[in-house]
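Below, chain A partners chain B and then partners chain C, in two separate complexes.
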Partner chain A sequence: MFWKKKNDEAMKEDQGASPKTIEDLLLQLKKSPDFSHYQHLSDTFQCWISFFSSLVNVESIHRDILPFLYKGNIRSLSDIQEQIPIEKIERTNDLKLIQSKLMEGCLIIQEKESSPKSLIVPTVLREGRQVQQPEIETSIIGPKEAFVESLDTNISLLRKRIPIPQFTVEQSRVGKVSNTRVCLTYIKGIANEENVNTVRQRLQDLEVDHLFDASTLSLNISDNNGSPFPQFIDTERPDRTAAALFEGKIALLIDGSPNSLILPTNVVEYFLASDDYYTSWYFATAYRLLRLFAVAFSVFSSAIYVAILTYHYQLIPIDLLGSLITSRSVVTFSPMAEAIVLELMIELLREAGARLPTKVGQTIGIVGGIVIGTASVQAGFTSNVLLILVAMSALAAFTTPNYRMASAIRLLRFPIIVAAQFLGLLGVALCFAFFVSHLLKLTSLGRPFIEPIYPLRISDLRDSFIRFPFTMQSERPMFLRPNDTLRYNKERVKQKAGKREPDIDE
Partner chain B sequence: MQQNRINETHQVSPVNAFFIVTGSQIVVNILKFQSVVTEDAEQDAWISVLLMGLGTLLVMWCILRLLNNEQNYGQPDLFSIHKRFFGSWIGNLLNLAIILYEALGAILYLRAYIEILNVWLFPRLSPLGFAAIFSLLIWTVVIGGFRTITGAFFLNFIYLLPLYFINTFIFSDAHFSNLLPMADHSMADLSNSLIKASSCFLGFESILFYYPFIKRPKLAVKWCYFGLLNTTYTYLLLTIQGLVYFNIGELRTLVWPVLTFWKSIHFPLVDRFEYIGIIYWLTVLIPNVSLGAWIVSRGVKQIAPVIKQKYALVAFLLILTAVCAIMQSRPQIEWINALISHIGFYLVFVYIPFLLIWQWLLKIKEGKSQ
Partner chain C sequence: MRKLLNIAAVPLLFLGGCMQDNIIDDILMVEAEGYDYIGNDQVIGTITTPNYAQGGVSGSGGGGGPATASMMTSASAITYDGRSLVEKLTPEGQKAIRAGKLRVQLFNEALLRHGLKKLIHFRNQDPDVGRDLFLVMVDGNSKDLLQSTYQTAIPVSRYIYDLIFQNQQQNYPRSNLSTVLYNYYGYNTDPFMPIIKKEQDHIVLTGIALLKRDQYVGRLNGQQEAFLLKTLIENFNYGFYDYTFKPNQHVVLENVNSSRHYDVKNGNSAEPNIYATVTLKGYVRQGNPLLATQDYYSEIQTGIQSEIKRALEKMVVGFQKMDVDPIGIGDIARSYTRHFDERSWPERYPRAHFHAKVKVMLVETGISNVR
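On to the complex of A and B.
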C-alpha cells in the first residue's frame, strides 16, 4: 500500500532525528538554556558534568555531589562511584539510557566529552506540590491526604498504608514520545493474577504519544471506549486506593497525575463515599441509599415532568393539578422547551463555575441560582414547579462522589427528556431500557460492570446498597476473584466477641 | 462433541434458570388471564390453574430428562435433537417449523403490547414506529449474547417484585363469597378452562433452546421447578384476586381485568396506576422478545451455518417490525393468538413426551445394534 509505505518512511525519518552519538546529543541539548554542561577540572582528575538545572535541585548537587569531586584521591570514574555517598550510581555506555536518565533529572559524569562511557548519578529532584487536602473527594471524617503530581510521593503515600513486602509496584513506560512512568500496584497474594496480567497487557498494547492524567489512561484502556460510563475509578484519595488494594483490586499510578486509577470496578462503587466507612453502618447505609435515590431523581425528574405534562396529565391527583395549572398558565413554552432551557441554564452555571476562578465562581453561583431563577419564573419562561425539580436534580447529581460518573449521569437526562417529549412515559422507559441493556453488556477489565446486581452475588451485596457492619464483611468482593477470599477469620471474630450474655445483669 | 460445547464465558449460573423460566411464562397474556380462565370454569377456575401448574411440572420433568439424556450424544438443544433423531432433512424441516412458531410468538408478544398501548395510552401510536424503536432495543440486547438476555430476565423479575405487593390493595374491596359454591363445575368446563389457561403458562419450553447455556445444568433442575411453581403461585393468586374483586358477569365484559384493577389503585402522586403498570410491562416484554429473537436467529444459524447469527437477527427484527405494522385489526391478533396457543399446547403436552419416547426407542435400537 502506498500510504503505508509513506508512513514507514516517515517513521524512519523520525528515528533518524534522534541523536546517534553522545556528541550529537550534547550538541542538541546545549541549545537549551537550562542545560548545564561543563568541564570539571581538579588537580588529579578532570571530567565533563552535565545535568538539567530545571529538573534537579541544584542546591543538593552543590552540597552532596560536587565537593567530593575535588577530593585528592579521586582519579577515575570508579573512584567517584565509590566515594560519593549516593546509592544506585550506574556505569554505562548505553546512549539511550544516558539520554532518558538525563531527561529524568540525573547527573551525568563523563571522562571525555566524546565518549559515551559515563556515570549516572541520581539526584534530588525539584519538589512539586506538597501533599494537600483532597479537594474533589472531600470527606468530613477520615484521612485528609491527597495524591500529588509526583509519582514517588504517591507511592510513598500508599506504602505507608500498606507496610508489607507483598505490596508490589511494577513500573512501565507509556507514551511513544512522553515515555511517562506508569506504576502498576497490587498486593501479591490477594489480587487476582489474571486481572494483573490483563492490565499489564493493556498497558503494553497502548498506543499513545503522551499521557498526562489517570483519566486519559482510563479512557484509553477501558473495555468499551464508546460508553458514557467510566469503567475505572480515578480517585485522589490514598486511603481509598489502599482500601481497594486490600480488597484485591489493582491501582495504577501515573507520573504527573494527582489521581490513581482503581480497576476493575462495578457500578455501585461509584456511589460510595469514603465517609461511608468511617461512620456507623446505619448512617452509612442511609446516606448511600440517599445518594442512589439522588441519582434516580436527577436522571428522571425533569423527564417525567415533561412526559406527564405533555401526555399523561391523568396521572396527576386532582388536588395537585390546580397548583400545577396555575404555575404553568403563564408559561408560553411547551414543557420540553421549558425543561431544556432550564437544564441548559443549570449546565451553563456549572460549567461557568468550573472554569472561573474560585472567588468569581461563587458570585456567579449566587447570581445564577437566585437572580436568573426567580427572574425566569417571573418572566414566564419556566414554571415554579419545574424550577424546583431542576434545581433539586442538579443538586442531586452532585451527590455522586465520582466526578466522571456524576457528569455521565447529568448528561444522561437530556436524551431521556427528548424521548419523553416523543413517547411520554413510554419514551422514558425505552430510554432507560437502552441504558440498562448497555450496562448489562458493559464489563470492567472483563468483569461484569453491574456485578452485585447481575450476576447476582449476595455476598457482594453486603457492601453495595447497604453497608453491613464490618464484622459481617469477612469476605473480599467476589467479582474480583481474589486469590485470598477471606479478609479475616470469621470464627475468630465470634470467639473474641464471646457468647451473648445469658440474662440481664449477669 | 468438544467443539460443540458452549464457552463458559457465555454461560450463566444455574440459579438464572429460575428467572428465565418464570419470566418467560409471565408475559402480555397475564393481563387478560383472569377473564380468559374464568370463561368456562367460573369460580372454580383456580382448580384448572392449579392442575395446569402441576401439568407444567410434569412437562418440565420430561424436558429436563430429554435434555439431560441428550448430553451424551451431542449438544442438548432442540435443534440438534431434531437433527439427530430424524436426520438432516426432516430435522431441519422441523427446526424451520419450530423457528416459525417462536418467531410468531415473539411477534405476537410485541403486537399484543402495542394493542394495549393503543387502547390505554396512545390511541395514535403507530405500530411501525414503536416496533422499529423496540427492534433496535432488542438488537442491543441480543447482540450482547445470552448472558445479556438472562440479565434482562433477572432485572425483569426484580422490577416485578413490587407488583406482588400491589395485590394487597384488593383486601378492602374483596368479596370472598364470590368463590362459593366451590367445585360446582363439570370436568368438561374445568378442562376447557385448563386449555385456555395453557396459553399463559407457555414459554417455559424455551429451555429446550438455552439449556446448553446453563452452567452445571444438574444444579439448575430445582430452579426450573421453582420457576414453574412461582408462576403457578402467581397465576393462582391472580385468579383468586380476579374472582374476589370482580363478579363473573363483570369479568366477561373486561378484556384486561388486571389493568381495570390497577385503575382503582391510587397513590399520593400517581392517580392512575395502570399507566405506570402498562409502561412497567415494557420490562417484561424486552427479555421475552429478545429470547424469541435469539432463538430464531440461533435456529437459522443451526439450519444454515453459512448465515451468521447477527445477520439472521437483523433479518428477523426487520420481519418483526414489518409484521407488526401489517397486523392492524384485532381479529387478526386474536386469530394468531389462538393459533399459537393451540400449537404451543400440543407442542408442550404431546410433542415433548413423544420426543422423550423416541429418544428411548433410539437408545434401545442402539443397544441392539451393538
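On to the complex of A and C.
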C-alpha cells in the first residue's frame, strides 16, 4: 500500500537523523550552551566529562564526583567506578544508552573523546516543584500531599504508602520524540494480570510523538475516544492512587505530569471524593447521594424547564403558574432560547474564570454572578426562575469531584435542552436513553463502565451510592477481577470482635 | 446501518421544530368552564382564564417593556351541548386557548336535568385535562357566577376550587372528575357533585346534587347531610357534626374520625338486607355549659348515635325512593354476595332494607367541668 510505504520511508529517515557515532552526538550537543563537555586532566588520569548543566544539580557534581577524579589512585574508568561513592554506575559501549542517559541528566565519562567506551554516572537532578497541597482535589480531612511533575518523587510518594516488595513499577518510554518515561505500577498478587497486560500492550502500541500529561495519555489509550465521558480517572492525590492500587487497580505515572492515571474505573467512582473515606459512613453516604442528586439536577433542570414551559403547561402546579408566567411575560425569547443564553453565559463565566489570572478571576465571579445575572433578568433576557435554576445547576455540576467528568456533565446539558425543545419531556427521555445506552456499551480497559448497576454486582454496590462501613467491605471490587479477592478475612474479624456483653456500668 | 440511522436522525431534528408548542405565557389557560342550558340542545358556555399580575417583574426598573401577562378573563358564547368550548371560543381568544389547566366545570340545574352524557364522554376522552377537576352544580346561572366580582381578588376559578377542596377535606364527600367518571361508568353506582351558589359577593357551598346516571334527580342540603353521606362513602378524618341535644343547645363533634363497615345478607333475595356499621370518634370542642352534668357522656353518646342512625336510614330510604345510588349500595351488595344477580338488582334496590349501626366514641379532651 502506498501509505505504508511512505510510513516505512519516514521511519528510515528517522533513523538517519540520529547520530551514528559518539563523535557525531557530541558534535551535535556541543551546539547547545547548556551542554558541558571538557577534558579532565590530572597527574595520573585523563578523561572526557560531559553532562547537561541544565539538568543536573551542578553543585552536587562539584562536591560528590569531580573531587574524586583528582585522587592519585585513579588510573582507569574501572577505578572510577570503584572509587566514586555513587551507586549504579554503568559501563557501556551502547551509543543509544549513552544518549538517553545523557538526556536524563547522567554524567558521562569517556577515556577518549572518540570512543563510545564510557561510564554513566547518575547524578542528583535539579529539583523541581516541592510536594504541595492538592489544589484540584482538595479535601478537608485526610492527607495533604499532591503529586508533582517529577516522576521519581511521585513514585516515592506511592512507595511510602505501599511498603511491600509486591508493589511493582515497570518503566517504559512513550513518545517517539519525547521519550517520556511512563511507569506502570500495580501490586503483584492483587492486580489482575490480564488488566496489567492490556495496559502494557496499549502503552507499547501507542504511537505519539510526545506526551506531557496523564490526561493526554488517558485520551490516547481509552477504550472509546469518541465518548464524552472519561474512562480513566486522573488524580493528583497519592492517597487516592494508593487506595486504588490496594483495590487491585493499576496506576500510570507519567514523567512531567502531576497526575496519576487510575485504570480501569467504573462510572460511580467519578462521584466519590477522597473525603468519603475519612468520615463516618453516614456522612459519606449523605454527601454521595447529594452529589448524585446534583448530577441529575444539573443535567436535567434547565431541560425540564424548557420542556414543561414549552409543551407541558398542565404539569405546573397552579400556585407556581402565577410566578412563572409573570416572570416569563417580560422575556423576549422562547424558553429554549433563554435557557441557551443563560447556560452560555455561565459557561462563558466559567471559561473566563479558568483562563484569567487568579486575582482577576475573583472579580469575574462577582461581576458575572451578580451584575450580569440581575441585569439580564431586568432587561428581559431571561426569567428569574430560570436564573435560579441555571445558577443552581452550574453549582451542582461543580460538586462532581472529577473535573473531566464535571465538564462532561456540563456539556451534556446542551443536547438535552435541544431535545427538550424538539419533543418536550419525551425528547428529554429519549436523549437520556441515548446517553444511557452509550454508557451501557462503554468499557474501561474492557471492563463494563456502569458496572455495579449493569451488570448488577451487589457486592460492588457496597461502595458506590452508599458507602457501607469498612467492616462490611471485605471484598475487593468484583469488576476488577482481582487476583486476591478478599481485603481481609471476614470470619476472623467476627471472631476477634466476639460477642458484645455490656458491663454493669455501661 | 449506522449511516442510515444518522440520516434518519436529521429530519427528526428538523421536523421536531414543527411541533405545536404551548409556551405558558403565550396561551390562555382556561381554569373554569360554565354551562347553562337554554333548551333545544343548546348551551351558553362561559370560560374564565386567570389574569396574572400586571406590570413587569418586580425590581425590573421598567425594563422588559410592558407586561404581556394581562389578558382577557372571560368569554362566553352559545353552542350546542357536548362540544368543547375551547374551539368554539377561539375567535374570542386573544391568544390560543388551552383547556389543560381546567380546575372546575360548572353546570346549571337545567343542564343537569337535560343530562351530562355528552359532556362526560367528551371529558373522558380528552387527554389534556387532569382528573382532579371538580364538576359542580350551580344554583342559578353559571355564567353569572363566573363573571361576577367577589370579595376575593384571586380568580373565580381558584376561589371555587379552593372552596370545594377545603370542604371536601372535611364534611363533603370527595367528588371530582375521577370519581364522577368512576360512578358514571361503574356498575350500579350513581355520581354526585357539590352544589354552589352565589350569594351577593360570596360563593357558598350549599349541598350535594344527586344524579341518576347523568341526570339530576335530587339534592342533599347542607353540610350535616353531606357529612352523613360521607360517612357511608369513605373513611375520613376531619369532619365535624353538630348535635342538638336540647332545643338551642348544641354539641359539636370535631375532628371526627369515621370508618365504615358493610355487611350484606340475602344479597340475591327480593329484599336484601344491608348492614352498615359506622364508627365515629371525635372531640367535643364546643359544648354548652349544661355539659357539666355528670352523665354527659352516655347522654350525648347515645343521643348522637341514635340521631345519626335515624338520619342515615332516612337518607338511604330517600335515595331508594329516588332510585338513585350515590353510595354504591349495589356495588357493595355485589362484592358481598356470591353469584350476585346483577340483572335484577335495579328492581330489588328500592326494596332493599338498609340498617345502620352507629358507634360514637367521644375523646375526652377539651371537656372540663365549668363551675
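Convention: the second predicted complex is superposed on the first by the 493 of 506 C-alpha atoms of A that agree within 3 Å, B and C clash if a C-alpha of one lies under 4 Å from a C-alpha of the other, contacts with A are read in each partner's own complex, and residues count from 1 in each chain.
Methods note: a residue touches a chain if its C-beta (ideal position, glycine included) is under 8 Å from a C-beta of that chain, and two chains touch if they have at least 3 such contacts.
Nothing here was measured: the structure is a model prediction, and the numbers come from that model.
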Partner chain(s) touched by A:A433 [first = chain B, second = chain C, both, neither]: first
Partner chain in contact with A:Y278 - chain B first, chain C second, else both or neither: neither
First (chain B), second (chain C), both or neither touched by A:I316: both
Chain B versus chain C as contact partner of A:I325, first or second or both or neither: second
Chain B versus chain C as contact partner of A:L425, first or second or both or neither: first
Which superposed partner A:P455 touches (first chain B, second chain C, both, neither): first
First (chain B), second (chain C), both or neither touched by A:F212: neither
Chain B and chain C contact sites that coincide on chain A, given as residue numbers: 311-312, 314, 316, 318, 423-424
Complex contacts: residues of chain C adjacent to chain A: 12-13, 16-17, 19, 21-25, 27, 29, 31, 50, 52-53, 56-57, 59-61, 63-65, 67-69, 98, 100-101, 103, 128-130, 158, 161
For the chain B and chain A complex, residues of the former touching the latter: 12-13, 15-16, 117, 121-122, 125, 130, 133-134, 137, 140-141, 143-144, 147-148, 150-152, 154-155, 158, 266, 268-272, 275-276, 279-280, 282-283, 286
For the chain A and chain C complex, residues of the former touching the latter: 309-314, 316, 318, 321-322, 324-331, 334-335, 377-380, 383-384, 421-424, 427
Sites on chain A touched by chain B in the complex: 311-312, 314-318, 320, 423-426, 428-430, 433-434, 436-438, 440-441, 450, 453-456
